[in-house]
Every structure is written in C-alpha cells, then in structure tokens.
Amino acid sequence: MSRSADFCTVRTLTEQLAAPLGPEDQTVQSMPDVSPTKWHRAHTSWFFETFVLQPHAPGYRSFDEHYRMLFNSYYDAVGPKHTRTERGLITRPGVEEVGAYRRHVDAAMLQLLDGPVDATVDGLVELGLHHEQQHQELLVMDIKHVLSCNPLDPAYGPLPWAEPATAAVPAWIDHPGGVVPIGHDDVGFSYDNETPRHEVLLHPHRVAGRLVTAGDWLAFMADGGYERPELWMSDGWHTACAEGWAAPEYWRPSDAGWAVFTLGGVGPVDADSPVVHVSWYEADAYARWAGARLPSEAEWETAAPPPTSGLGDWYGTVWQWTASPYIAYPGFRPSAGAVGEYNGKFMVNQHVLRGSARVTPPGHARRTYRNFFPPH
Amino acid sequence: MSRSADFCTVRTLTEQLAAPLGPEDQTVQSMPDVSPTKWHRAHTSWFFETFVLQPHAPGYRSFDEHYRMLFNSYYDAVGPKHTRTERGLITRPGVEEVGAYRRHVDAAMLQLLDGPVDATVDGLVELGLHHEQQHQELLVMDIKHVLSCNPLDPAYGPLPWAEPATAAVPAWIDHPGGVVPIGHDDVGFSYDNETPRHEVLLHPHRVAGRLVTAGDWLAFMADGGYERPELWMSDGWHTACAEGWAAPEYWRPSDAGWAVFTLGGVGPVDADSPVVHVSWYEADAYARWAGARLPSEAEWETAAPPPTSGLGDWYGTVWQWTASPYIAYPGFRPSAGAVGEYNGKFMVNQHVLRGSARVTPPGHARRTYRNFFPPH
Amino acid sequence: MSRSADFCTVRTLTEQLAAPLGPEDQTVQSMPDVSPTKWHRAHTSWFFETFVLQPHAPGYRSFDEHYRMLFNSYYDAVGPKHTRTERGLITRPGVEEVGAYRRHVDAAMLQLLDGPVDATVDGLVELGLHHEQQHQELLVMDIKHVLSCNPLDPAYGPLPWAEPATAAVPAWIDHPGGVVPIGHDDVGFSYDNETPRHEVLLHPHRVAGRLVTAGDWLAFMADGGYERPELWMSDGWHTACAEGWAAPEYWRPSDAGWAVFTLGGVGPVDADSPVVHVSWYEADAYARWAGARLPSEAEWETAAPPPTSGLGDWYGTVWQWTASPYIAYPGFRPSAGAVGEYNGKFMVNQHVLRGSARVTPPGHARRTYRNFFPPH
Amino acid sequence: MSRSADFCTVRTLTEQLAAPLGPEDQTVQSMPDVSPTKWHRAHTSWFFETFVLQPHAPGYRSFDEHYRMLFNSYYDAVGPKHTRTERGLITRPGVEEVGAYRRHVDAAMLQLLDGPVDATVDGLVELGLHHEQQHQELLVMDIKHVLSCNPLDPAYGPLPWAEPATAAVPAWIDHPGGVVPIGHDDVGFSYDNETPRHEVLLHPHRVAGRLVTAGDWLAFMADGGYERPELWMSDGWHTACAEGWAAPEYWRPSDAGWAVFTLGGVGPVDADSPVVHVSWYEADAYARWAGARLPSEAEWETAAPPPTSGLGDWYGTVWQWTASPYIAYPGFRPSAGAVGEYNGKFMVNQHVLRGSARVTPPGHARRTYRNFFPPH
C-alpha cells in the first residue's frame, strides 16, 4: 500500500472513532491523564503540521498559528505548550473547527505525498501515522473513562474492527535459557526504543500460553487477594489501601454479582474472558498469589509468535504487563530532533507492557513493541 | 404582568444568554466553583419540576427520572445529588437534550399557570423565577471564567440588556445615627434571609456616593497596596501571598499597561470605570488604605435609593462588599420544606454584598437584597 | 499588687505549667495550630524583650540576636519570623537554654521595674503579662493535643489552681430588649478589641443559666445530631463529613461507652459535666437541635455577672461560643505600633467566645473579654 | 570476633552516634522520610526483642508491651504498627527510657549469646546487627536533615570513625563484555536481595575510575544543567521544576559562592571533593550531559575491587547511583518469616545504589550490597 493510501486509512479511522461522540463528549477531560477526543484529533494533525508540513512543504500555510502551542503535547524542543491538565478547559476551537483543521492538514499532506518525498520526510510521515494509531488507542481508552464518570452509564458502541480470532497454543511454553536476541531488526517500522537489537541471557523458565481470565481473578479476590499485604509490593499495597482497590478498574458490585462498565455499557463480568484494566501492582500481586511471577520482556518476546500468526492471544485483547522496568536497551540512541523526545525521556518509574489490546487499531502491533505505563 | 408572562420572560432570557455559546462552551467546568452553562439551564428547570410540577401538577410526567439526582444542587432534603465538582464530567445529556428538557418543563408549567393556582404554588413559581434570575447571573459569571481559561481569549459578546443610566448623588452621604428599620417589609417578593424587618442602632457615619474606580485602584496598587501587610486582614494577606495576588481578577499585565479580560474579550483597563472582581479581602484592604472602612449592610441599606430611582450607581454595575458578616436577622425563620435550604445554611464564613451587578438581569435588584460570598 | 509582683507571679506560673513536661514533650508540634511548650516559654519572653527591654531599657543586651526572628509569632512589623508550621523543627535552643533565656529577661525586667517607669512602658508590661496569660492557656491546650497523639495516653497531671466554685442562677435569664452599652469602660486593663464601649440595640430574648452538659450532648448524638444535615450550616456539614466527626474532640468510643482524653489521662465521659472542645459548627447545630440559638456576644455580656461574683458558670469552665462573628466595634482603633497587630487583623472568619476556661489562668477573665476562633 | 563482641561493638556505636544529641534533637521528625534518633535507637532494639528474644530466649520479659506496636517499622506480619509519619509525635517514652530499653535488651541478648545458640538464632542476631548498622547510617542522615531545618545551622560534629584512605585506579576501567557472575556467593553474611548468585550478559563498556566531584557538578550547573529539559527524564524534569532544584541538596547560595550544610555546620563547597546528596534524576541528567550514562549494577559490581582493597573510592564516600531499577535477581526467594519483608517488597520504583557512604559504619560495605532509593 502506498504511503498516501496508508495516510488516508489511518486518518479516516480516527474520524470513525470520533463519530459516535457529540461535541460535549469530545470536549471533556475527566482526569489529568485523560485527554479530550477533540484534543487527540487536533494533536495528531499538529504532529504532521509541525514535523512534516512546516519544515518540508514549501508554501504551506498554518491553519491557525495558535494551534502550535495549543496542541503540543510534551515536545519541549518545539516551544511552549498548553498545560496538559487544562486540555479540558479549551472550548474553542470547537469540534467543527477541529474537523476543518484535520481536513486542511489532510489536503496539504496528500498534496505533498503526491509528489516525490525523500526518505527523511517519508520516515516522519510513517512515524506520524504510528503516532496517530497510538492516539487512536488512547482516544478510546480516554472516552471510556469520560463516559464511566456519568452516573447514567452511557455506551460508546462497537469498535470499527473485528474481534481477534486466535488458535490455541500449549498451556505452558518452556525455555531452557541461554543467550537470545531481542529488539527490532530495522526491517520495517519501529520506534527508537525497540532498538538496537541485542543479546540477552535468559535463565530457564516457562511462560503461560493463555491470558489470566476474570474467573482467575475472582478466585484471587475470593482468596483475599486485595486484603493480604504479603502478596503485594509495599508501594502497591499503600496505593491499593489509599484508593480502596477491591477489584479491577471499571468493575462494580451489583446485586447480581460483579458488573463491569465497557464501551458497550454496563453488563455482568464474564468469567471466561481475559481480565483487563489491572495495574502492574495488581498483576504482580496476582502472579505472586498464583505461585508464579510476571515474565520479563525478553522472555515474552522470545515466547510470542508474530501478530500475523493468529496463534495464542498475545495480541488484540489486552496489553500484558511484564516484570521489566522500562529502561534503555544497551546502546540506545534517541532519534534526532524533537521526535527524539518520543520515548527516551520516559525511561524511569514505568514498566513495559507487550502485545496489544482490543482497542489497538489493526496493524499497529509488533513483537518487539514496547508499551509502558506507571505501575499504578 | 401575569405570572405566566413573567415565566416566559425569565425563561427566555436564560436561553438568550446561552445562545452565543456552543455545546463545547456549555459543557465545561473550569473550576469547582463554576457550573457549566448546560447545568444552569437544566438545574433551573429541575427546580420547577421538583418543587412545582411533581407535587402540584397532577399527571405530570418527568422528562427523565435520572435528572432528579443529576441536576440537584445542594438540597439535601430532596435526596442524593451529583457531586458539585463533577458537573463538568457529564457529557450526556447534551445541549440538545437539555433544550428539550427546558421545553418540556415550560409546556407543563404554562399549562399549570393557565389554570387557577393557589398562593403556595404561586409563591413557589415566583421563587423559582427569582432563583432562575440568580442563575442567569451565575451563568454569565461562570462562562466568563471558562472563556478566560482559553489562551486564545475568546469573547462572549454583549449582554442582552442595556447599561444602567445613573444620575449623580452627593460625594458623601451623612447619617447622624439612631435606630432605623432594615429588612424586607413583605410587600412583594423577597428571599427569607431579608426578613424579618427589624430595627438596628446606627452610629454616626457617612457613606461614599460613588463606587471605587479602576483609577482609584491603580493608586492603591502604586502605593504598595498588595505588598503592605498592615493594610490587610491576616487571612487575606496569607491568601494574597499564597495565590500571588497583585491586581484584581482578570487584570493582566501587558506591554501597554494593565489589560483586562471581559465578556467582550481583552482590552485596556479604563481608569474611570468602577473596579470589579475584587474579593472582600481586597476591598477591606483598599478601604483601610483610603482611611475609611466598608459600610455595614444596615448603613448601605439606609443610604441607598430604590433601584427604580436611577440615582447613584448602587445597582447594575457591581455588587458592593459590606463590612457585615452574613448572619441571620433577629427572629429569622427559614422557609418551610426543601426551599428552606436556600439561604439559611450558608450563614457563616461569608460577607454580605449589596446592590446588583452589570450581569444581574433587569428587575432582579432590591434595596433589601442580601447577596453573599466568602471573603476570598 | 505592684507590677513587679504581678510580673513574678505570671512568669512563675508559666514555669509551673511547664514543670511536668520533659524536654521531649516541650519540643514537639503535633499539628500546625499547636506550638511547642518550649516555644511558648520563649515567645512570651521575646515579647518583653522586643517591646519593653530593647526600646526602653538602656544598655539592655539581647540574650541571643537570633531569637528575634526565631520567636516572633506574627508581628509583621517587627521583621522576619520563623514559619509557624516549623516551630517543631527547632531542636536548639533546647529547654535548658530557653530556661536561661527566661531568667535573663526576668532579671532585666525586674531591674527595669525596680526604677520609675512611665505609663507607656507600664502599659506594655501589663499587656505582656496578659499576653503571657493567654499563652499559658494555649500552652495547656497545646500540650493536651501533643499528649493525645501518643497511643500510650500519657497524663499531664493536675493544673496548679483550683476548680471554680459556682452558685446557681436562674435556668433562663430574660431580657426585654432595648439599647444597652457593651465593651470595656477603660477602667483597668483591656485589649484594644474590647473598645470602644458603645451602645447596641438588643431584641427581646433569654439566655440559658447553665452550660450544655455532656449528657445533653449524648442526647443530641442519640437523636442523630451528627447525621442530620438540616441541623448544620453547610460549611459545618461538609467539614464534619470530611473529617468524620461523630463526637466532641478527644471523645473516644470504648467498650464501656464514650471515654474522653483529658489532662489526667483517659476516663469515662461524665454526663453531668459541661461539654468542652466543641467547634462553633457543632455548638450551632446543637442549638438548632435544641430549638434555640447561640446568644450574640452583646446578649452574653448583658446577661453575665462579673467573674468575681461566683454566680453561674460563666467563667472558669469553658469558653462559650456566641452567634457573633468577630468584627470591630464601631469606632475601633487598633493600638499604635506593632502591638496593634494583636487583635485587629484577625477580624474575619472567626466567631467570638466569651467567659473563660478551666485552663485559663486565674485573674485573666473579664466580662468584656472577646476571645475568638475559627468555626471549625 | 565472637558474635557477643560484635554485638557489643555495633550496639555501642549507635549510642556513640546519639551522644552529641540532646533529648530535643532526638525527638523531632523533620519530614515524613526522617525518623527521630530516639526511634532509631528503640527500633533497632525492638528488632532483637521481637525476632530473637521473644521467640528464642525462654523467660524473657518485655521491657514494655506497648513498644511492640510503637517501634515496629513496616513488618506487617508482626502486627499493628505506629504510623510512620507520626513517629515525631511520641514524646514519651523519652530519651532516658529508650536508653533503659536498650540496656534491658542488651543484657538479655548478652545472656543469650553467652550460652549455646543454634544457627537460626545466630543468623537472626547477625541480621539484627546488619540491620542496626543500616539504621546507624540512617540516624546520621536523618539528624543531618533535622539540624539543617534550624535557621541557626547547628553542627552535629565529627563522626566516630576515620575518613577512608584510597589508592588511585585507572581513569577508565574497560570491559570487553561477556557472561559474568554477580550476586552473593553465600560465604559470610548477605541480605536476601543479593542472592542468588547468577550470570548476566554484559556488553562492552567502560566505567569511570573516580567519583564525580563538586567541581564537575559546578561545570554542569554553569552549562545550564538544571535548566535544560533535554538532559532530564520527564519525571525528573517535572520534579526539579516543581521543587525548584538548582543545586544538590544542602547547597546554599552565599555571597562567597556556593556553601554547603554538613554535619560540621555550614562551609564553602570544595570543588575537589565528590558531590553527594544528588538524586537519581540529577545523576542521570549529569551523565547524559557528560556524554555518558550511569553504569548498570552488574557493570559496577564487575568493576569494583572489594572494600578491603583500599583501591579507588568505591566505598566510604558516597552511595553511587546505577542505571538499574531495583528488581529481584532471577530465582530470588525472600527469607522466611517476617524478616522476609526486609527487602523484597520494595522492588519497584527504586534504583540500586552501590558502594557505601561516609556515614556508613565501618565493616558494613560489601561488593554485592544492593542499596536502593526512589529516584527523587
């Protein structure tokens, strides 16, 4: 597929994801870590405008000069940025103007891509599309939180892509240990943090062939999982106590047992489906309770088939916590320029997740992909 | 004017005030003390639904049962209420549904008012209209704050009523002291907190015949008004230091001197116009600096002509802080029922303001009116 | 009694109050509103050093120049001061050096008082002694809080003065209303906030002849006093909910009913003794529950016999909340100089208490005395 | 040396460290992470009482039953514990009683050690002594913070042991990479977190042969080290901005350049001495500025000579940050029982430090020792 066609596909999907949401839905920031839908739509356009059009499209005219500051996320090298926690205060530009901004950027991008583009520009466009796919995932996660704050439990609706179909793999996948390579081999796209490919020494271990289910989790809860400090990291235990954790996020007690808020509204917890929305602290405590531990990211990467294999449920259901703190690979060099702020500066106080989630857009998963979140 | 006609007039004005605002503008809560426009529109309708239609209109059907909780403000006796600080999280019902809710309530109210109504119901309708007028004022104050948080400085536009025209009064109005009556005489509408009318003993004093101007305030600032603790109450000084106060709210330094954010956007401070948006702490410090003091509410009420006189600038420009903490008048009895929660339970930690403001809707001012806000 | 003898008596009493406390007890600040015993001992000496000795005792040498900043409380006009919330961080000077500081100041003061002193100086000494008496009361209140934080419930021990003996007065004291004088008549000592004496207009009312007892309070609690929002000011209700109030401060549930932590350790609540350590919010809610209201300070002052009469329990048991916010009397002028910061700058967000408490040192009560505290 | 003699040596050193401190110094907790000297003295005794005497010394009588709760630190398995942040509120038991408590425990311990002890008990005593050595280090670090809060800058005085004497090593120590063993070999004492010994794969690298000096740090500061976000992890940058970092902890600007608060009082910064009291965020930013990176803990352990070699400044000056997040070694098993809470439950959100510090008591350092602190 051409870069142009890719561009259209990815950009259109963002608009499809926003389509079920009214202007009110798209404006609100329900907590500091959430960004408004409208902001995701604008910020992903800002990325192309800032890193591709302004430096590389002669004669390009900005849609609005103020957007440079308004829709910057965290790129300190680009200049001032609007405070993250105040994204929900920006009522204007409204949803319609943001739509117009997207169309303005799309037109200029397609015109640019219609001519010859050098490798640098093409690489930036590719990066921008992967960036937008990440924001598609965030957009869905964030609007889920926004809607969950409404006591009326409104539904978002179905996602515009199919459920993953998976074929069974062994219950446990054994590895004898030894030196193995991990990281991206530079064929095709990757983020800088997946490189360089390098060797690591694994010790003998085995990895589970399936995900932890809600039923497994109910057993953990029934056995006092949320009340036994010996199962928890100290930081996790204090967080769990301070915030009153007693079940995964979005689970709610009901007269008929545990219910769960999803993009489709509220329904009963399904014991057979994988548990989602658990923090690293919870996953770590669960593993300890189960007499196991979380895999390291090298163990995960060594065990997992590629996303296109259809084997196992490594991809498309839930990002999987690993035991690995998120740090640089040996010899890591951030990309040059402002896009080098993309990954490297977050390499502390986070853990790596591998795989991909139900809300990850199709085609975005890779075996070497390193997602990361703080443990809470 | 009939109660029906009154009803139409007041309800229509709310919609006129919301008209310049898009769905995004109407949804956001920019700080805990601010409520979204959409919420003001719904809550004022909720008041009529809850206190008039449900108890007194046989056969009335609620627009949506969930609104009972969603749009309650602070009436504990009515049942659970949605948390005030989370009003900005409610994206649904959206602006269109809130418009439909208003029309639903209006239709039922007009049908009710079309028939004979007893004095109780009529009193509740009258109260509801005054309540809505208060929220009209709040709606404008709140949207001003919302828009001021936007770095693009968007304008709301003109208010749908004229500027007050005022005729001069003496520079100082002297009073020899003595026992005078204050409070409402029960002819026409008043809130419970304006009653009972009673006598107070005034000491000799005089009250200024005009408001403090921005120019006066600039002199106060130039003389170190915000840097001299001896001018301030201790609480005020600590608040001013902690929050870095250096000028009235919405004033901003600019290359061309002080500018100010208004409903019409940003422009230069006009030295001749009355200063607005100052806290009690600031007003009290200013008065001390000027070798004076704030008037008590009894002194204010004794000095002020009625709102219809056109004399002085007592009404229609800015609510005026008094030296009086907001407490009950001797013999005060709150109204019966949930509407009795309207005023009485706020009688601590606040000060009385008198007069009315530029954003107060026409006809809402009274000489005995007791507005109240915390000193910060 | 001569001023010298007064001085010795008051200064000695402070040392007697500190005597049961070890260096560890005297050093700790258990919350921001509490000051260490050691600090009270030093600060009261600092007052004499700063306002009497340095300006008026030729040749006086400071004990330590650093103490000027270290033991200033809130007198902005005197210069920088150590942060109030960090008083508990000062381990040096220790208790012994503070004792030496007191002896140094005492020696210089007695030498000064041995000669002729003009009225200004004498007035400052008198003020300093009343100031020290206030701090004696605070010292005991504060150490009670410190000791109450210890899970071992240590006792302070008995106070070095007798319990008040009181003679009965009528159950209700009626007043027909009318203009009455209140405030201090300038015979003998008073603080500036008790002046000027002036007339107020009372409305007909009656004041209870006895204090509310713990037994009364238990009835209030049994009737849901802490669970019924309609009894409370809105601010009070939110404070009570946020802090989980369910009984007066220092009351603790026990297997044998309510117990209470006192200066003598922990024991059962005595239903017949007056309730103490209740906030204004609680007192106001109690009064509303009892079908009454708190008296205004003018009503209290009009009803109360003088402290020396032995009639009623107006003095020596507990400071009594009034309905009156703490504001300036008409014509109030703060004292000149830094001592003018003593009272006036606190005249907002507080309520007046009248009478005196069990921990008030003998001779410190006056009928016109205006104590004040925030409502929480 | 016998275990008895070891016991006497370690316990005596704690008392020597406390000797320069008065009761006031020993009582205060200057921030939540600091514990009072008195608490350190008591808690280390509690460790022997709880884990050795009560289970293993027949007929042992507790000094005071309340101490079980009062001086527990974080051992959830032992029962309730006093809140960490409130250690500074406990004025009683005082310093004298804590001294008596120590003597009581010492007598019982020496009696126990005088007879035959099995390996379990001996292991617990050994652990208790290493535990007490850790608290000796903390005691000194904590009292430094307490004294630094005093505007009078009081000095603690000299430490009761000599400065380390070090012999030079190469400027850079090269390593060709390959599989190397790290971790403790179980000869002599270690904490559980140093085990099991295992192999890791190193990549080619080199490690600096000397510590970063204050002079190096001044160059970093002069080059905008604290003002350039590109040098910092994102979390570090936000922490640095929020807390206004502009130099290492305890550095203070003075008219004569940078001064520093030390245990000996305040003096000028010595450019030749190693920089101390920098966070991981600062160390990481410095390394990036210097065109280098922090070593991993495996790299450090491979490069460092043993503590007894006298080569290099690996030990006795400052704990050295590594790039390694603190996680479990492969195959890690916590010790059994409550002492198993010692290390394992802190394996998240921290980084490993290696070596030892000026305040580490003699004999406490090991090449495999894993110290850990949060990055701020």
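When the chains are written out, they are named A, B, C and D in that same order, and each has its own residue count from 1.
The rule is short, and it goes like this: contacts are C-beta pairs under 8 Å (C-beta built on N, C-alpha and C of every residue); 3 or more make two chains touch, one makes a residue touch a chain.
If you're wondering where the values come from, they're calculated on a predicted model, not measured in any experiment.
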TODO: Report the chain pair from A-B, B-C or A-D that duplicates the C-D interface, where duplication means over half of the contact pairs agree by residue number.
DONE: A-B
- [ ] Could you tell me which pair, A-D or A-B, is linked by more C-beta pairs in contact?
- [x] A-B
- [ ] Between subunit A and subunit C, tell me the centre distance in angstrom, where each centre is the average of that chain's C-alpha atoms.
- [x] 59
Task: Rounded Å distance, subunit A centre to subunit D centre (Cα mean) - done: 38
Open item on the list: Just the number, please: Cα centre separation of subunit A and subunit B in whole Å.
Closed with: 46
- [ ] Could you check subunit B for residues that touch two or more other chains and list them?
- [x] none
Task: Residues on subunit B engaged by subunit C in the complex (per definition of touch) - done: 74, 76-77, 179, 198-201, 203, 229-230, 232-237, 280-281, 284, 293, 323-325, 327-328, 330-331, 341, 345-349, 375
Open item on the list: Which stretch or stretches of subunit B touch subunit A in the complex?
Closed with: 22-28, 30, 38, 66, 69-70, 82, 86, 88-92, 94-95, 146-147, 149-152, 154
